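As structure tokens, the structure follows; a few thoughts come after it.
We just call them A, B, C and D in the order they show up, numbering each chain from 1.
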Amino acid sequence: MRDRATAWLTAKSPAVLLPVGTTLLAFVIGGLVVALTGHNPGSAYRAIFNGTGLNYLLPWTSSEDKDFAALNLQQTLIITTPLMLTALAVALPYRCGMFNIGGQGQYVAGIVAAIVVGSHGAGLSKPVHLTLALAAAALAGAAWGGIAGAMKATVGAHEVISTIMLNWIAIYGAQYLFELNGPLQGPLPDVPQSDEITSSAKLPAVWGVLQPLHAGIFLALAALVVYYVLINRTVFGYEVRAVGYNADAAGYGGIPVARSYVATLAIGGAFAGLAGACDVLGWEFHIVTNDIAVSQIGFIGIAVALLGRNSAIGIALAALLFGGLQVGTSARALDPTVFPPQLAGNLAVIIQGLIILFIGAQLLLVYAWRARRRRGAEPPPVPRVDPTAA
Amino acid sequence: MKRPRILGLGALAAVAAVALLAAACGGGDSGSSTPAAGSGGGGGKVFKIGLVTDIGGLDDKSFNHLAFVGIQRAKSQLGIDFKVLESHQESEYVPNLQTLAAQHYDLVIAVGFLMDGAIKQVAKAFPDVNFAIIDDAPSPALPNVQGLLFKEQESGYLAGYLGALESKSGTISTVGGQKIPPVDHYIAGFQAGAEAANPQVKTLNDYSNSFTDTAKCKQLALNQISQGSDVVFQVAGGCGLGALSAAKEKNVWGIGVDADQAYLGDYILTSAIKKVDVAVFDTIKQIVDGTFKGGIVTTFDATKGATGLGAINSAVPQSDIQKLDDQASQLKSGAITPPDTVS
Amino acid sequence: MPDAPLLELRGITKRFGDLVANDGVDLEVAQGEVHALLGENGAGKSTLMNVLYGLTSPDAGEIRFDGKPLRLRSPRDAIDAGIGMVHQHFMLIPVMTVTENIVLAAEPREGPLLDYGKAHDIVRDLSDRYGLAVRPDERIESIGVAQQQRVEILKALYRSARLLVLDEPTAVLTPQETSELFTVIRSLREQGTSIIFITHKLNEVLEIADRITVLRRGKVMATVATTGTDERRLAELMVGRSVQRVEKGAAQPGEPLLSVRDLVVHDSRGLEAVRGASFDVRAGEIVGLAGVDGNGQSELVEAITGLVKPAAGTVVADGHDIGGHGARASFEAGVGHIPEDRQRRGLVLDFTLAENLNLRNVRRRPISRFGILDPRAIAERARRLLGEYDVRGGGPGTRARALSGGNQQKVVIAREMSGTQRILVASQPTRGLDVGAIEFVHKRLLAVRELGAAILLVSFELDEILALSDRILVMYEGRIVAEHGSDVSESVLGLEMMGGGSAAAV
Amino acid sequence: MTALDRIPRGARGVAILGIVVGLVGLELALPPLQVQAAAVPVVLGLAAAACAIWALTREERKLGIWALLVAVVATAFAIWVQGKSDTSTSLVVNSGLFAATLVYATPLAYGALGGIFCERAGVVNIGLEGMMLTGAFFGIWGTVWSGHWAIGLVVAMLAGALVALVHAVFSIHLRADQIVTGTAINFLAVGVTGYAFIDIYGSNGTPPSIDSVPSITLPGIESIPGIGGVFGSLNLMIWVVFVLLVVTHLLLFRTPIGLRIRSVGEHPRAADTVGIPVYRIRYACVMLSGVLAALGGAYLSVGFVGSFGQNMTVGRGFIALAAVIFGKWRPYGAFGACLLFGFASGLADRLQSVAGVSPNLLATLPYVLTLIALVGLVGRSRPPAADGQPYVKG
């Protein structure tokens, strides 16, 4: 029994231990920063944890706090939804050997398309209108990602550079569309804001009031399933993985390498475009130019994908972690006497950076474990997968 | 294969070192800007006031910051109790407003027109809670929401008037952050005021498209200065500091915005002021006095002393100040109504 | 022979995990001696030389050089001591010039700057002195393999090497180039340089070496003087049993299965690499394509297997025109392909064996239906092929990376020859394999021939070409310059590979 | 033969496309069409130029030169024609434009030189952005703390080196994916500088008046018309970048250490076998890259605007990285790319008021140009062979 457990651990350790250990390490170092600037990391992290709303799930949370926790949890899940999708935008091309930094631009492309389709066609029935709006967003994201893919496939332009450029073009371009006197500015003459999404194109609410959790989360979870099946169970996924591991060998085996590049970046872009649609059709219902400038969803998606090691389940958990960090560090939940919220926002970014850093150097933890084994110690037990790790 | 483990620890140490360096730099005055929830003293009911900032945050050196100043003054003078919630992203507007409303705050103030949609939603859900929103006139009006608007164009007008008077070259300019209403109000007023002072004046205007890229704001201002501008009015928040830096470097006048920015140096001609603190304080006072009314829009203008200029540079001749005072009184009387859109 | 040995290795032992690569190896090399180190692939020759060059440190043992103990922590120490090495895979930087490569890390200076003029002169003087004609300003990527080898030797001489290690130096050379190299080696010996000559070719050893040390499985079998030994004895020492040549019956060629006509192919830089090649390969015969590396063989193979689009000409396989229709079309027309670099191109090393074995037919039923993979069918087919081709060291779920080179090659062959493939293009199919694996591959190729397949064998090893081919084509500068039966001599082929000989273009 | 096959392909086709695009731009600028926005013909002209460069680098000289000529004429004419209706020609093309080009190009050039060192030694550095931001913050912090800009720059360089050390340890010794590590550096820099900025300076921001890097005035040049406006008085750090440019070129291509650096980036094992310490050289180059990038950031904060704002580098590090690639990993080439980007930014600034085009739309111009240039040039550029690949000893 023990042997089997050890064997399982050995096999699964990179997949489970690395992300969990990495996250813990990042939080410990983040805690050091907190402590050194004269705050109590323990209470700061507890406050952040409660801010995520995950305490809703704890049995001892009192009923008074429960409403507040529910509100926070709804917000966490609202952020988690697009993060899962923008993470997929990174994960799929990653399996094909590419690093898509263009999730943000593809997300913005999706927002624009969702608004254009979602704010027109008020007479359509909900399923039709919603489907059209989602499809338009996915297509726009796919087109934006596909440009980078086509550039890679035809002239070998490095996708990292081209997607960075496409991000800025999308961000400024979308601001242009909705700015004052812009071509797509909404009905308010003084406000640089888009048209409103008509009710027929809004995603249904599933939990809460005012800014409730919307059905987009099911869309994101479905996308994770699609991704899993696509990568592991289809010829397409097989070919993508072959190209990702060894493009030369894949080419020798008759796999169309260039097409895989274009297809994965386009499908990845479609996921990011859906993320934009989820936000716009789920809770924003319009976009102000300022929102485009400050949005970070696509960039955080990179961290989510890396932490989730590009696996479907990993991405789901990592998105919950990062969504929780976003919401938990907000001022609403954080008592300023415990930890100043302005610092908390930056702390969240530091922790994200540390996680990416450590996940990139998988060896770090493997070495640590080996060192323990050499000293004859037992391998560390698998910690319960607690995505907040607070 | 033994070495990398040690090096792994070395890397960890280096990461920690970077983090610590950052931390060590800030040993001293941690949390200096921490808004503290006060406990109201004195007898009677202690009113609870909530403030929700937009994504600019309290450090925007602009209206969020000024709103905070106003609520602090209300605490010390009116004995209210308050809580400030900063929003880091748009998705926090509704939950932040909702949280304060659910806790039965007597007044919830939203700062910034970006929260227009959010406040409409929350106000409908909490009809018993009073709301106010700065820089926005909710349409259609809601019975429990008061809009607080500013005539930034009046401040801009006076700034432009003074700028044109002090300009030797006959060319003056504005650097806007983004083409959004509060920014354009200032610029429109500035251009009208300049023309009133000197019909031949030439006004230049550029947008940086960023409230953070100080280098770009500076470069735009330098370009304007090279085209002859000798008065630069920044309407770009933090980015605008770059524009003022260009004015300083090239020995031309700079004009600050929102708050009084005279502290930056004696190259500051004046600042176009928008007294958000006054608006916040006044509105809170209405609550305390029981005179608060929803469904209306209160416009803060020169007559309420909410718009106008900050400290005027001592180098400005008295004759010009008199002309300026004359314009200011005409604004108050309504004889002059500057435009609020940039042509 | 001079008295005191220049180099002494005592009891060198090096382990990699459970594998003992060197097991108490002793070796002595005298001043001005050519000492051959003979052994199969995997016998531990390269490991021993890496120890001697400071690239790996031994777990036990001692190195003495010039009578003094020598501790090598890095190649720098070896160079400083006077040890030079020419690696099997050249350690040259393609985008840099001959001069830059030679003076790297020991550059002549003029103030803070590199004195390019002086460096140029030094290189020219050195190459004149040892009769190694190289052009100092040429880029490495634009000169031939033999030239590159000379650059490597000059690199060592420039660093005043007293002991020169040549690791399989003749593997990439034609017979003529080999004999030129031997001339150089003799001249070095006359000037007092000691040489360790690593090889697995018995005839070369007997021709050039003074003494021979034979390694097997990390152990020294014997050190013998060249005079007084022969090929048979050496071969027995080397493999532990007498070697057999593969036996093959007479060819029974059928109709042409692969027809190449007037083929022109450009290389990656857009230059003509194949300049109008025409030939047929018939069913049931092995056609050997001889030639020095870089004469268009790779491009020819890539055009036939659909990896590059030919600029002109046709490739017809089994009646299908496959010129420029892609790798898939080529395979569908029945062309299997053993690529020259199996690690880089033949296998996806991070894929499982099952995934690798189905790389070619992943779109076919029953492996997939409507784009969905059938894991059971994949594993089943993999298990069958692994058994059929006697692949050892893993099952369908094992990653290809974990297998030995020989077994990896078996996986490639299993994939490329299974199913309905009637044509096989085998490019360097035995490169880097040990004797047992080579034998397996050769037998397999002949078995396929018996079944009526058409095989195009591309190899730089003339032994292999001569042993297997029914017909031999010689390629030089993008053209087929000669055609022979299997009875042609090595020297004739060698001459033609250099562009000499009287054979008219076919 | 289908119609599609008759369209010329490759360099020739691109050159012809360039000529056509340039002519369309010219046509638009002329009456009766005379598009009011100069941006349209200018963008077309620049696109034509990009096509021309593509063709030229692919041995299609004759048509390429034609395309270039048409592009230049179209662009110049477009601006000139605009000037006819207004005095705006001088507002767009003047010495200020070239001065602005230099100012925009300088931080990029520092970053690009850093990127060249790093990548020539075989380490990809996508963390340039973070290193620049780090330099921008710590440059200000050091200047405020010490009261001297020079000490501020030293602090910036130290901070840049420290961040680069993290990149070096993770990508050289721990063999992490260098792009992932670089991304992490970028996140970390935003978080750390933002945290420290608020913790130290709070809502007041950096002090209004700090010691700043002086400008160097060349009395002789200043009075020369045209050139004087550009080079007459430049910030010391701009002069320094010119010097660094030449020094970098000499160091990389004319000195023994340069040869060794390049050998490590091309073929680390070959370098190792002749005794070059591969790891040490990579560490040195990565850290030097951090130092240079930090100087680029410090130029923005201490050198140019005299204050720090959160995330004030706004993606300049990424542009620097793109410049490295256009410049084919050569200092002069990369500097040329920085100038192109700086020129596009400066042009966009000026076209805003003159041509009345949306500033948001113009803001995309530098990125669009970069993208076009990427398509046109990258196919031909070859990175150091071992760029991005960890080296395993032994």
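Please note the rule applied: a contact is a pair of C-beta atoms (placed from the backbone, for glycine too) under 8 Å apart; a residue touches a chain by one contact, two chains touch by 3 or more.
The structure presented is a predicted model; accordingly, all values stated were derived computationally and were not measured.
J.: Using the stated contact rule, I'd like to know whether A-C or B-D comes out ahead in C-beta pair count.
T.: B-D
J.: Taking each chain's centre as the mean of its CA atoms, how far is chain A from chain C in angstrom?
T.: 48
J.: Just give me the whole-number Å value for how far the CA centre of chain B lies from that of chain D.
T.: So the centre of chain B lies 34 Å away from the centre of chain D.
J.: Based only on mean CA positions, could you tell me how far chain B sits from chain C in angstrom?
T.: Centre separation, chain B to chain C: 73 Å.
J.: Cα centroid separation between chain C and chain D, in whole Å?
T.: Distance between chain centres, rounded to whole Å: 44 Å.
J.: Using the touch rule from the top of the page, what residues of chain D touch 2 or more other chains?
T.: In chain D, residues 166, 170, 174, 188, 192, 195, 198-199, 360, 363 touch at least two other chains, as defined above.
J.: Among the residues of chain A, pick out those that touch two or more other chains and give their numbers.
T.: In chain A, 33, 37, 172, 175, 179, 289, 340, 342-343, 345, 350, 354, 357, 361, 363-364 touch at least two other chains.
J.: Name the touching chain pairs, please: which are they?
T.: A-B, A-C, A-D, B-D, C-D
J.: In their shared complex, at which residues does chain B touch chain A?
T.: 4-5, 8, 11-12, 15-16, 19-20, 22-24, 26-27, 30-31, 33-37, 55, 57-59, 84-92, 94-96, 98-99, 102, 113-114, 116-118, 121-122, 125, 178-181, 184, 209-210, 341
J.: Going by the contact rule at the top, pick out the chain A residues touching chain D in the complex.
T.: Of all residues in chain A, those touching chain D are 33, 37, 99, 101, 151, 155-158, 160-162, 164-166, 168-169, 172-173, 175-176, 179, 182, 289, 302-303, 306, 340, 342-343, 345-357, 359-364.
J.: Please give the residue numbers of chain D that touch chain B in the complex, ascending.
T.: Going through chain D, the ones touching chain B are 91, 94, 96, 99-100, 103-104, 107, 141, 159, 162-163, 165-166, 169-170, 173-174, 188, 192-193, 195-196, 198-200, 202-203, 205, 208-209, 300, 304-307, 309-312, 314, 345-346, 349-350, 352-353, 359-360, 363.
J.: Please output the residues of chain A touching chain C within their complex, sorted ascending.
T.: Of all residues in chain A, those touching chain C are 233-239, 241-242, 245-246, 248-256.
J.: What part of chain D is in contact with chain C in the complex they form?
T.: 250, 254-256, 258-260, 262-263, 266-267, 269-277, 382, 385, 394
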